[in-house]
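The following blocks contain the structures, represented as structure tokens.
Next, two complexes with chain A in common: one pairs it with chain B, the other with chain C.
Our next item is the complex of A and B:
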């Protein structure tokens, strides 16, 4: 059976959860992150730091911890940069630290921690989602849940296009290098090579879009009927349990937050 | 023979221009025949194809006068996408025909059938059959973007063939291919001809058309300047004055004629030339 070869099989119980269930997990996780970022301990939203540990645990349970940590290194660099900029730039509140021209105020530290860890939390949740779910699975599941097939196509083709444009940019860079454009070296040299590389990339993408639209039309894309799929995305059977756990945790966090708000 | 496509006094202008891309076109395409379309660049060949498939004026907009009928019905009257079932269209650039949403050749070819709502089991059967016919079964699990130009064009043809239309409009499918890729595409087209499909092929490689087309349409400056049997059209040496490339054998025959060696018929293929020359040589040997 050829169709069997193109099905996505997963043995890990967490990774095998239905894509939209994983999307709900990301949503609940992000809601909890936002709620916890409003709880201050000594003026700083400290609770979101241990909350972040949930993600490596989830990645471990899903069997993707090494890929997760690798991807998070890049997110961590951005988060550290944001933390430093916010911490040293925003004035207000008590002066906590002073060294030369560097001042850290409590408001700056609060914003720095809140923003950088929230970014890590939300980015991490999506990293986990996309490391356990292929884009075609997600789009197929969303289509099953009622998303229009045209929206599903746009979602999927956009993600594929990023990959494709990356590949094309390498081809154009090589072609420009062959024509004598310097593309490697310091920041200034790379900046100079940016336009000769980007202009053909963007123009060719625009020009080919007409052909792609017509090619889709030739493949019956516009025909109004119920579309079928050779890719089946199946429920693992643990979706209800996963949703119940998510709702319980989110409820605890929400109730706790409200109580902290109401109680003196 | 029944008519597959009919042009009735068709003139078409693209948007923002008053110069027609094609003008006064009136001709019929008969079912089950293989038509070659030739002409210089900018002569209106691609516009002709776009009109047959209904992309003009539906997609490109612009002004159309006259009628293009497919199976007796105007292209304008067809519902959205309905023409995809009647006419298969293959483009010049194989790369742009890849849907961009499928990871493997098998899924890419199956995509059209998914769009038509065909059941998965039938999809599998039809895709495998077409992949065998086009000799790409060994590429089934490969990413379409990682194939060579020739392989991509074969995939593009298979993706349209699998939908099962009776008419095929193929616009310069070999323009970006090497000789091997070109040969493989022509093999598929010849197989389609055997299945009595109606084929309209725009192609600059007249030597290949000479071997397989039933009729040739010649376009120049947006007009159809000649339509007739392949032998009749491709042996018309006066077409060279219009910038039309003729088969090497027809050119050779003309040169021989200028040297005073007239051939009884103008050959347009290697086989014909061999036969004619053999006859002449045997005749001369017989005389001696």
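Our next item is the complex of A and C:
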């Protein structure tokens, strides 16, 4: 359910950072993990595995660790799937391990580890961002940084619309079922049920957005002037510190990577 | 209309087009949900992009694609990598609509082939290079089986993904087309490419 909250107050220090600062943290984190994935130890990019531990620590500090782990399950399943396929199916390089029909080659293990852990790393950074930041805060902060107010309206309105249309689709599907549309059976029957649920949903949405366009323009949405806001996002005061820490860590990683290149 | 109209990107984004973007994104989202609820083997998560692009032109379609993957990426970050696929789908569909390629059946065929080809061409490199061939979706098992038999990774991805993408695009296109046909003409005419879908009297 979409519940409208006007002011957002956070007590946690990490979670209360300014949304764009958190966006920078995600960026630096991804850069670091991409840099680390090019470092090989015994032919495998082992360094990104301990690097991944940074995220749970960050989530614990922000007080969202339980939601974080829950959200990471989906990404973890995909990562494990990719890892298994890469490790056992791609041949190439030296044979490392052989048991029955299972063969592990060095190339497969290398791409398997680097792909799956990199996906976990970058996905995890975004999961952390959106668990500590509401879309409303992010779009408001971006608007303050110069994003068009129409763009931030689209972002916010999208979140509401997904919620609304998700509910409407259930209602329409129940109604069509009551009228005798089969939703269970073989593939063809189920595919046929897709049309009568989808068409009324889109149709009503188009017609209602025509009405909404009228309502918005009558309230001066398109007038070029300074807009007022109900929600204000404030700096918590720790942004500079967070940015300095990020840049220091990133430069240590980058310098380390370059040194490994130069030194034999 | 004999004189050729000039299009600027800014003119595409009318207020109505701006309001269609959230609707289209939600349709993408709900379509995907409904497809998995009915246990259909397709994603069907580009219906919104296609009808938005058909009505409002390529640039609105591209924005719909971008926003869809940004928003669904919050729940499932794997989608971030597929932003180019959805954006390309919106662009191509929008251009086809602007060239009035949805008027007769043989034009539909060309349009659908182009739409499916765009998706396969943009999706295959991402699946192969970013995810190493498998994304954990429904077609991944087919791909993995093909790869295990020794087929080239590009061929297995394009083969298994291709068939599903073509059917996916056909279903999405027909839903969008039916919807546009039943929307009252006084509403359709307000959209950028709307006049292509109205019977000339």
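To be clear about the criterion, the second predicted complex is superposed on the first by the 202 of 264 C-alpha atoms of A that agree within 3 Å, B and C clash if a C-alpha of one lies under 4 Å from a C-alpha of the other, contacts with A are read in each partner's own complex, and residues count from 1 in each chain.
By definition in this document, contacts are C-beta pairs under 8 Å (C-beta built on N, C-alpha and C of every residue); 3 or more make two chains touch, one makes a residue touch a chain.
Note that the coordinates shown come from a computational prediction; the quantities given were computed from them, not determined experimentally.
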For A:218, decide between first (touching chain B), second (touching chain C), both and neither. first
Now for A:153: first (chain B), second (chain C), both, or neither, which partner does it touch? both
For A:199, decide between first (touching chain B), second (touching chain C), both and neither. second
Touched partner set for A:161, first chain B, second chain C, both or neither: both
Which superposed partner A:226 touches (first chain B, second chain C, both, neither): first
Check whether A:81 is in contact with chain B, with chain C, with both or with neither, and answer first, second, both or neither. second
Determine, for the superposed model, which of the two partners chain B and chain C contacts more residues of chain A. C
Touch check for A:39: first (chain B), second (chain C), both, or neither? neither
Just to be sure I read the superposition right, which of the two partners does A:249 touch: chain B = first, chain C = second, or both, or neither? neither
Residues of chain A contacting chain B in one complex and chain C in the other: 153, 157, 160-161, 164, 212-213, 216-217, 221-222
Hey, which residues of chain A end up touching chain B in the complex? 1-3, 5-6, 136, 153, 156-157, 160-161, 164, 167, 208, 211-231
Quick one: which bits of chain B touch chain A in the complex? Just the residue numbers, please. 53, 55, 59, 80-82, 84-85, 88-91, 93, 95-101, 103-104, 106-107, 110-121, 123-124, 127-128, 140-141, 145, 156, 159-160, 163
Applying the document's contact rule, which stretches of chain A touch chain C when the two form their complex? 71, 74-75, 77-78, 81-82, 85-86, 89-90, 111-112, 115, 119, 122-124, 126-127, 130, 135, 150, 153-155, 157-162, 164-166, 169, 173, 183, 187, 190-191, 193-195, 197-199, 201-203, 205-207, 209-210, 212-213, 216-217, 221-222
State the interface residues of chain C toward chain A in the complex, per the touch definition above. 13, 15-16, 18-23, 25-27, 29-31, 33-35, 38-41, 44, 47-48, 51, 63, 67, 71, 73-78, 80, 130-136, 140, 144, 147-148, 153, 171, 175-176, 178-179, 182-184, 187, 190
